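Each structure below is given as structure tokens.
In what follows, subunit A forms one complex with subunit B and a second complex with subunit C.
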Partner chain A sequence: MDQQMRIANLPTSRIKENQKRKSAFQEFWRRFKKNKLAVAGLIVVLLYILMAIFADVFFSYNFITQNQISNAFAKPLTKAEIDYQDKTTEHLYILGADNFGRDILGRIIHGARVSMAIGFTTIAFACLIGSALGAIAGYYGGKIESLIMRGTDILLAIPNILFALAIVAALGPSFQNLLLAIGITSIPAFVRLMRASVLTIKNQEFIEAARALGAGDFRIIFKHIMPNCMAPIIVQATLGIGQSILSATSLSFLGLGIQPPSPEWGNMLSDARSYISYAPHTLLFPGLAIMTVILAYNLIGDGLRDALDPKLKR
Partner chain B sequence: MTRYIFRRLLMIIPVLIGVTFIVFSLTYISPGDPARMILPQDATDADIVHMRHLMGLDEPFFMQYIHFLFGFKSPSEDSSFSYKGLLALDLGRSYVSNRPVFKTILERFPNTALLTFLALILSVILSIPAGIISATHQYSLSDMIVSILSLLGLSMPAFWLGMILIWIFSVQLKIFPSLANPNNLKSLVLPVITLATMNTAVQARMTRSSMLEVIRQDYIRTARAKGLEEKKVIRKHALSNALIPIVTVIGLQVGQLLVGAVLTETVFSYPGIGTIMVDAIQRKDTPQILASVVFVAIVFALVNLIVDIVYAFIDPRIKAQYEGMSKARPNRTSLKGK
Partner chain C sequence: MDELLLSIRDLTTQYITDENIIHAVNGINLELKTGGSVGLVGESGAGKTTTAYSIMGLLPKLTGKIVEGNIFFQGKDLTTIPEDEMRKIRGNQISMIFQDPMTSLNPILTAGDQIAEVLEIHGTADKEEALAKAGDMLEMVGIPRERMHEYPHQFSGGMKQRVIIAIALACNPKLLIADEPTTALDVTVQDHILHQLKLMRQRENCAILLITHDLSVVAEIADDVYIMRSGRIVESGTVEDIFYRPENPYTRQLLAAIL
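After this line comes the complex of A and B, so read on.
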């Protein structure tokens, strides 16, 4: 009985399609709201997204990539004269300046744009390809399944960052290669999750009913099976964005990701590494930026997991 | 049991072939030409073609992969272009130092292994008690502290944490050196903490949730109902059952530690396999990159293999499954015989 209740309450089950759908979302939101930490995480992520979108409003890209050597290592909250676009103006360095005298706050804000873009594109890519492969493997079984799953095993056998590192080392460091490397290494988790949920769902009556009504495999997979497997995928995607931002900053830190002077949190830290002893503020703030955004994604992921399906709690 | 171990051993073969194939293909498609790298700037095209021949780079993709695995005999008299292949742990010489690549790796690997091992011990010592306390005192102050610390540890980039530790303990307090080397235990303190943090966080969370799940089981209630003291209930009944998923996670973490070591070593300039890799990548030293990546991937696969086998000894279900099978067979045949 309890079990049935739980299944009926699952936000993804679409029993009375039109009416239930809205209330399922409300039900989900009601549960998600209870977790204050997750809501805080959501707010932080939204702030970062806004920051990324309106980065140019705060600081122009040219300004934060242009050296102001005379102001190198300016401490936080100091005012200094800068030469910008043939004019000398006074500028307040809220978070200080880096080794080239560039505004750290500005670089963090523009770095958010890079990190958010990497997080979303890589996970969107991995989620699409991974879920599709996982659904096909789970639905058809047999040889296709073994082929896909063995491939996944092999991808999983190479540790994430190491594989990304090998891809970037082979293809050369660039934004596209970084996306590709992190995207590919994020695929296996989605394949496994999707396959596992498809396996539990594909023999249920409503799938049989769809088949009896003459639905083709394609329609069954994408219209009937996949929407019912979304809960773990959404959780994985949220946590995955955090992980992929972390991987990107790690690779940039090693000099394999976004190349300077483009602002990226990892390469800012890589620059700061040489000046730990006399300019700790160049080290502190980019790291805090990385930490808060990943923390926020982890909190949202935990909150989603609890709200979408109590049984998924691991 | 032997059947399980044997099966698991067999399963690693396709994985290793796949891993080596992927890493090899990556180097194959990489745009840099090793022949051009090795020759001086003013080399003519004919020189390059000749060099490609000497290095075996003019052969088809699959032949090169076979060479990569089983060795390559260069037509040149200079024996430094020949190598015995991955199976003999010989992938030629570094373009930069002209030393055999695996010699460097095998020299430095014990350093990385030491760092990884110490970090593993530290994370287990910290995380399991923390997770248990957090689970047995759910919603208490100590639970909140453990949960918050583990969330922070999970979100902190290791390389940043390492640099913050350097700033606090080397620059400000001058307690520990900022450069690490394997012969000085004191210098290992900071890198070990750096490397262990993420794992401690993951394992503490895992221990907590695994314990929470077990504590709610009926058999724990039974144990309590029959008047067993709480300590015994937790230690004997709860922990031994909660341990199974925890061991899996710890096993998976060993691999993550090996990889995390790449970043930690860079921060502390520690002479391990990670610094080899990063140096090689920066200098476009293809044989060294290839060998290091393949080496770490193989060690990773072997560690997972060992974990799976150890796992079988801990989890009675796996044992039962396989022993059940080997017992059932003779019975069935004997029935047929009748």
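After this line comes the complex of A and C, so read on.
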């Protein structure tokens, strides 16, 4: 009787009244949206993603890869006659035409498709492999750790672009090889980040407690340690997408990425480079596209860092 | 009822580092009956926690080593059985409660998930049953079952420790090792937790090995007391013996400290 009274009087019953439970995501979103620049970045990225998904709705792929030599270097907002599918029609070049008379806006929109695809797949690949390797290195330590970490040190010692160049040069320029090259060069950042986070988490008492419950290594690493290390990884992934888009455009600029006539921002710049004084708009717009996307990803990354940092919790 | 559940014989545990060997536990003997309750008391550094880790097989892999002695649990020698068999015993037949409830729960899993996890690990229930059982366990330790969807930071210190007790008892273990379960808590909350442990012991017939530096805590729940110092048991006996007829000067010192 006495015991039951005591239990009934525990502090629980007082705190019980339904405080609205906020999910972790709602809490995160509340903090993220305070950062206006990050939200702007998110909007820009979403616009580019929508553009990439609906690229065919705006311009057909055949149209933007077909030469219209008579309209070469058309200035932005000029109307010109084009021959397309055996018909002669009027076409408004909103952002002008390049050295083959192809619509620059159309090529930027289709180029977004390539860039977004590269950004997401390479980082997904690097993030999966890098975090798993980093977690294993951090958790087990010893020889396994030395092996993994020296491997990443070697990767880090080679300049990214040079390494990607070597892979693409060895395997031949193709979309898959480009993904592989950029994916591999993005791995080390994730390995180091994950290892560092795991080292701080693995000595905490709840890991020992999980072991005392009979949890095996696999469960401890993937259920208890890794989810607790996600915040820096998410930030790194966001920043990494920007970086890998930049690497892809650099490689294409050097002629080792996406091959013309397929539209890609890097090879658009590369084509237009010779005409910089005669037709600067052919260089300006693809350049702006690259810049805005990378900037947007970096802004989101900064916003995520602030929103996910537990020390800044208010 | 009177059979031996845990029997430690001449247990000697050392931490071996490059520089030297630390003699943490030096040949201790300890017995615990099924459903019984034993207090292991001593100052910090006496080897209490090392004893607990030796039983659980959780000594640090690189440095900690049981050099001598045996730990018999239900007739099996825990010092010789392989790791994967030991893993089936941990959390299932022997559970452990750690000192600091603030850091013993995974911050990103809900209370319910963490209770359900131990049931999943030992394959006693599928996901749905495990969550239902988790709710039951929470109610048993006096927390409304609606709160199973909340995260550790939404609980107070005392409630976290009760969640931890719920986790430890979810698989109906035969033995619960409580390593300073009340040290990090307020005096008033300490009282609730000790009550909880007592209640659980009666309800689940679960033996308790209570590790503490506080003799008054032992008086609350233990039948027998072992006083430990510098890795040795200096005195042992029933609570009455120790409290009213202490023989060892160190025991008298400890008693004087709480009066």
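Note that in this section the second predicted complex is superposed on the first by the 287 of 314 C-alpha atoms of A that agree within 3 Å, B and C clash if a C-alpha of one lies under 4 Å from a C-alpha of the other, contacts with A are read in each partner's own complex, and residues count from 1 in each chain.
Quick note on the criterion: a residue touches a chain if its C-beta (ideal position, glycine included) is under 8 Å from a C-beta of that chain, and two chains touch if they have at least 3 such contacts.
What you see is a predicted model, and the numbers here were worked out from it, not measured in a lab.
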Subunit B or subunit C: which reaches more residues on subunit A? B
Once the structures are superposed on A, label A:A212 by its partner contacts, choosing first (subunit B), second (subunit C), both or neither. second
Using the touch definition from the top, say if A:E81 reaches subunit B (first), subunit C (second), both or neither. neither
With the two complexes superposed on chain A, say which partner A:D56 touches: subunit B (first), subunit C (second), both, or neither. neither
Interface residues of subunit A shared by subunit B and subunit C, listed none
Residue positions on subunit B within touch of subunit A in the complex are 14-16, 18-19, 22-23, 26-27, 29-31, 151-152, 154-157, 159-160, 163-164, 166-167, 171, 178, 206, 209, 255-256, 258-259, 262-263, 266-267, 277-278, 281-282, 289, 293, 296-297, 300-301, 304
Subunit C residues touching subunit A - in the complex, by the definition given at the top: 56, 58, 87-92, 95-96, 98-100, 103-108, 117-118, 121-122, 142-144, 146-147, 149-151, 156, 158-159, 164, 167, 192, 195, 199
For the subunit A and subunit C complex, residues of the former touching the latter: 3, 6-7, 10-13, 15-16, 21, 24, 204-206, 208-216, 219, 223-224, 227-228
Show which residues of subunit A lie in contact with subunit B when the two form their complex. 150-151, 153-155, 157-163, 165-167, 169-172, 242, 246, 249-250, 253-256, 269, 272-273, 276-277, 280, 283-284, 286-287, 290-292, 294-295, 298-299, 313-314
